[in-house]
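Multiple structures follow.
The same subunit A turns up in both complexes below, where it pairs with subunit B and then with subunit C.
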Partner chain A sequence: MSVLAVVAGHELLASRRLRSPRVLMSMFVAMVAAASFIGWLTQRTVSGVYRQVLADGLTAQPDPFASVAPMYFARNTVIYVVMIGTLMAAVLGVQSALRDRRAGTADLVLTRPPGVRVVLAGRLSGLAVLLAGVVGASTLASWIAISLVVGAPVSVADSFRLVAWGGVTWVLLVGFAALGMWAGLHVRRETSALVAPVVAWAVIAFVIPQLGTAARPVSLLNPVATPPQTTGVFHMLSYLTGPASITEHFKTLSTAILEGPAWGLPVGSLAVVLVFAAVMVGAVLLTPAARLRGASDD
Partner chain B sequence: MTPPAISTHGLTHTYGRTFALRPLDLEVEAGEIFGLLGHNGAGKTTTVGLLTTLLRPTSGRSTVAGYDVVGQAPQVRSRIGYLPENVQFYNDLTLVENLRFFARLSGLREPDRRITEVLAFLDFEGHDRQRLGTFSKGMRQRVGIAQAILHRPEVLFLDEPTSGLDPEGVRTLRQIVVRINAELGTTVFMNTHLLSEATRTCTSIGILRDGELVRHGSLAAILGAYPTEQALEEAYFETAGSPA
Partner chain C sequence: MTRAGVFARKELRDLGRHRIVWILGATLALAVVIAVVVASLAFRAQMADYQAYVADLASSGSAVTAAAPQLFPLQLLRGGLEYVEIIGALFAIVVGYGTIAREAARGTLPLIYTRSHGPRALVIGKLLGIAAFWAALVTVLVLVAGVTVALVGGSGLTVADAFRLAIAAAAAWVYLMFWSAVAVGLTATMRRPGTALILALGLWLAIVLIVPQIGDTMDPDNQVPGGLFKALAIAKPDELAVLAHFSHYEVTRNGLEVTSISKLFERISFGFLGIKDKYNQQSLGFVWADMYRYTWAMLALLTAGLGFAVSVTTRTRLLRKTA
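This part shows the complex of A and B:
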């Protein structure tokens, strides 16, 4: 068994024993499963109203939900990734980084043959495997829920879409887990280390996108990315902050993957998500050994 | 001639402008139990930190088990065991889960058999499935020794191993250290500020004062000059100075 696998296995074992990440993971999978049913309930309500309006002779328009693609019901899942999934990943990351500092076990680890980079890479690998499990479970939950809603198994093509979207989601979550780890390694006080990635998450998911979207915070709760302003100062702000609006790029990418080839794959958005994850992973791997040894001040 | 287990030449370490360790020249022969004595803040833990690769020296060089501590750190780490002061573990994991992790990090392919052997050697069986969070200080110290000798190290570093233990725990730990040295042939480097521990356990000692090695020699030679423990205590305060 390689050292990387040893540390990754230890990370999986230790994370499984922690209550807060377990609760967040369960909540995430449950919300993803519920998302499709929420979509289905919406469809049933709107269709019910439509049938009533049609029966009353008030419209001759076709049922707005009649031609909805099955993947439409996965749309709400995107927002749960941004709202709960990224937060869960950051919490897992910070807990992983704090484990040795809190337990005072860093010296036992660092006096073993593997260097600090291998240890950190192993911890990240463990988190990546854990997140792959969570994303896999939530993708499966989505597949089952959509199959139940539409009354038939999801087609092979749409199943591929779900899997591809799961892959992009995993990359985003690994980036946030690395962000949490970085905070856990570099912030001196334990409480501050726990708060730091949450603040970073709020800035990435809400503050930066708002700067380029004429400050419409509610629109950020939509699963579809908010179009940037094309005039005035917000246009300039959008131009400047666009690359940092990581979660908006994720939404754009998700819509493209889940809802059809007409959109084409937004390469720029894919690059932003990939670069974010790569930068955060790199920042963790470049952490000096002394950071692991620093006991938390709390 | 067997090379020394530990050798340092002009080894120093500074924290900012403060010298934690002044140029240290020291040799510890293989098979010895070496005790490094000194007051709190004398530089004992810094010395162990440098020799276990946890700290980088400001200047000078050192070898452990024949390998350069800076240039061949992985080789050094695979040949040493380390018990820090107030050793801690992953409290949510069981004894075996903790030891299995450290054994695998040390490169043991089949750790479980070795864990059983070591726990039997330490007379610490029957706690395998217990979580470390439920262990007393004395039990943790034994687990600390277990993790340090799992991979059969050539040199074992112990930083204040009896700190916080009750008299029974101190005696047990002393017996374990002597057995490790005698039965496994492991060289032991032990930090302590307890003279009684040094006289009962060590074969040679060094005394650090403000980061400087002020006395170094075999215990027999030092006891020859100071035949009683009381006399040794006087010698200690004479060379190490009174605590601040």
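This part shows the complex of A and C:
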């Protein structure tokens, strides 16, 4: 077995043993499964409201939810990826970096030939496998939940959409895990290392998109991306901040994959998510060995 | 000075020296300023659109008039309050966690307990220190927000506005104290402080983001862009009559929302600042009639949070952690 696989296997084992990130992982899978049922309950109520409005003779408009596609029920899961999944991945990344710093085992590990790049690549690979498992479990939960809600198994075409969306989700989560690991390696204090990626997440998810869209922070928790402004100062700001609105690009991409036409993939948004993950993974791999050796301060 | 007073003063001094506290405070202040600036620019863009529309009407010889958008300065604070609700709670957790974790990391707890003082003096003192810190930070945030509204929004605040702002600031203080108290209690309870921080983060996710998100998702009016009832051209009285048929669903949805202290803070601050249209330009008595239940609920949650922190932060637990 290669050294990379050994390090990855150890990372997988150690991360699975951690109780507190496991709480976040369980929360993530549970909320993804529950999201479809919440969407279904709401849609049922909206249809009931519409029927009541129609019976009272208050409207002649068609039912806005008359023909909802099964993938509509997956829509709300997108926001749970942005809210819980990314933070879970960042916490896993921080914990991975801090584990050796706490135990002081990095010195010993780095006496062996493979070198710091292989160790870091192995750790990231272990986290990537763990995240693939979590995303796989949540996608399966979503598939089962949607099948129960619509009363029939999800079609093959829609199943492919779910799997493709799972793939994009995994890329985003790997990016955030790498962000967490980078913070764990570069920030001296344990508290600051845990808080830094959360602050970065808040800036990425709220502050940057707000500059380009003029949307309020809470409205950015909508599963559908807020369109950038096309006039005035916000147009210029959206041009500048657009590439850094990673979570908004993920939402655009998710909507296109889950609900859009098969040929309508927003390439720009896909590129932003891929570049974010690649940059964060690259930043971790370029970390000098000395960073692994320093003990955390608290 | 009592022992608790000594601990409070020490806590306040420690918080002032801690770099991360300054960074977090500055981040929150910056986010509030950005939110006010963005809201002001959005209003200006709306005004420019209106003026262009009026000019078009005039040039086409139309006699139709359109109502101009009105600026209500306190409504520019909405985004800033949402930042306090989301990011502020997170920072409050870090402050509460740090107060115990710092002593544990320095190994000062055994030394503190060599002195004779009441069993709860340490935790009460620390909570008082945190309370003073949040009072100072919230005051700074209010001043920053007020000045930004005046400078960027182009509209000064009246005395009545300032009073409403003070009520919202008090609600923010209660909200932030709740989160710090919960973090103090969790950090004292857990053997490893890092675990407490992650658990507090999970709690923050559930209360600040997930529960309100479920409530929003369940709101039938949120299911169609612009609102279901607007899309169906239903007037407000008819909307209420229709929703009366779904009272159980609405009660469940509302009940879920008000279990979150974040939602309580949002409703109270939005109510008193007139951010929600129903309360805009209404008397304080009118707003209070709707808000008193939320206010009592929020105070009850703060009491529970403080009670939790004081009851679990015992000498036995704190010294066990350093063993």
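Annotations for the structure displayed:
Quick note on the criterion: the second predicted complex is superposed on the first by the 288 of 298 C-alpha atoms of A that agree within 3 Å, B and C clash if a C-alpha of one lies under 4 Å from a C-alpha of the other, contacts with A are read in each partner's own complex, and residues count from 1 in each chain.
The rule is short, and it goes like this: contacts are C-beta pairs under 8 Å (C-beta built on N, C-alpha and C of every residue); 3 or more make two chains touch, one makes a residue touch a chain.
Given the structure is predicted, the values throughout are model-derived calculations rather than measurements.
Look at subunit A after the overlay: subunit B and subunit C fit there side by side.
Within the superposed three-chain model, A:A103 lies in touch with subunit B and out of touch with subunit C [touch as defined at top]. Comparing subunit B with subunit C, the partner in contact with more residues of subunit A is C.
In the superposed model, A:V129 lies in contact with neither subunit B nor subunit C. When the two complexes are laid over each other on chain A, the CA centres of subunit B and subunit C sit 100 degrees apart as seen from the CA centre of subunit A, to the nearest 10. By the touch criterion defined above, A:L58 lies against subunit C but remains apart from subunit B after alignment on the C-alpha atoms of chain A. By the document's definition of touching, of the two partners only subunit B reaches A:T111; subunit C does not. Shared-chain residue A:I84: touches subunit C; no touch with subunit B.
Of the two partner chains, neither subunit B nor subunit C is touched by A:A69. When the two structures are aligned on the shared chain, A:R189 is found in touch with subunit C, with no touch to subunit B. Across the superposed structures, the minimum distance from subunit B to subunit C, using CA atoms, reads 13 Å.
For subunit B in complex with subunit A, the touching residues are 52-54, 73-74, 77-78, 80, 82, 84, 86-93, 97, 101-102, 104-107, 109, 147.
Within the complex formed with subunit A, the residues of subunit C that make contact are 20, 24, 27, 31, 34-35, 38-39, 41-42, 44-45, 48, 78-79, 82-83, 85-87, 90, 94, 97-98, 101-102, 104-105, 193-195, 197-199, 201-202, 205-206, 209-210, 212-214, 216-220, 223-224, 228, 231-234, 238, 241-243, 245-246, 249.
Those residues of subunit A whose C-beta lies close enough to touch subunit C in the complex are 19-21, 23-24, 27, 31, 35, 38-39, 41-43, 45-46, 48-50, 52-53, 56, 58-59, 61, 64-65, 76, 79-80, 83-84, 87, 91, 98, 189-192, 194-195, 198-199, 202, 206-207, 210-211, 214, 216-218, 221, 229, 231-234, 297-298.
If you check the complex, the residues on subunit A that touch subunit B are 1, 3, 6-7, 10, 13-14, 17-18, 99, 103-105, 107-115, 289, 293.
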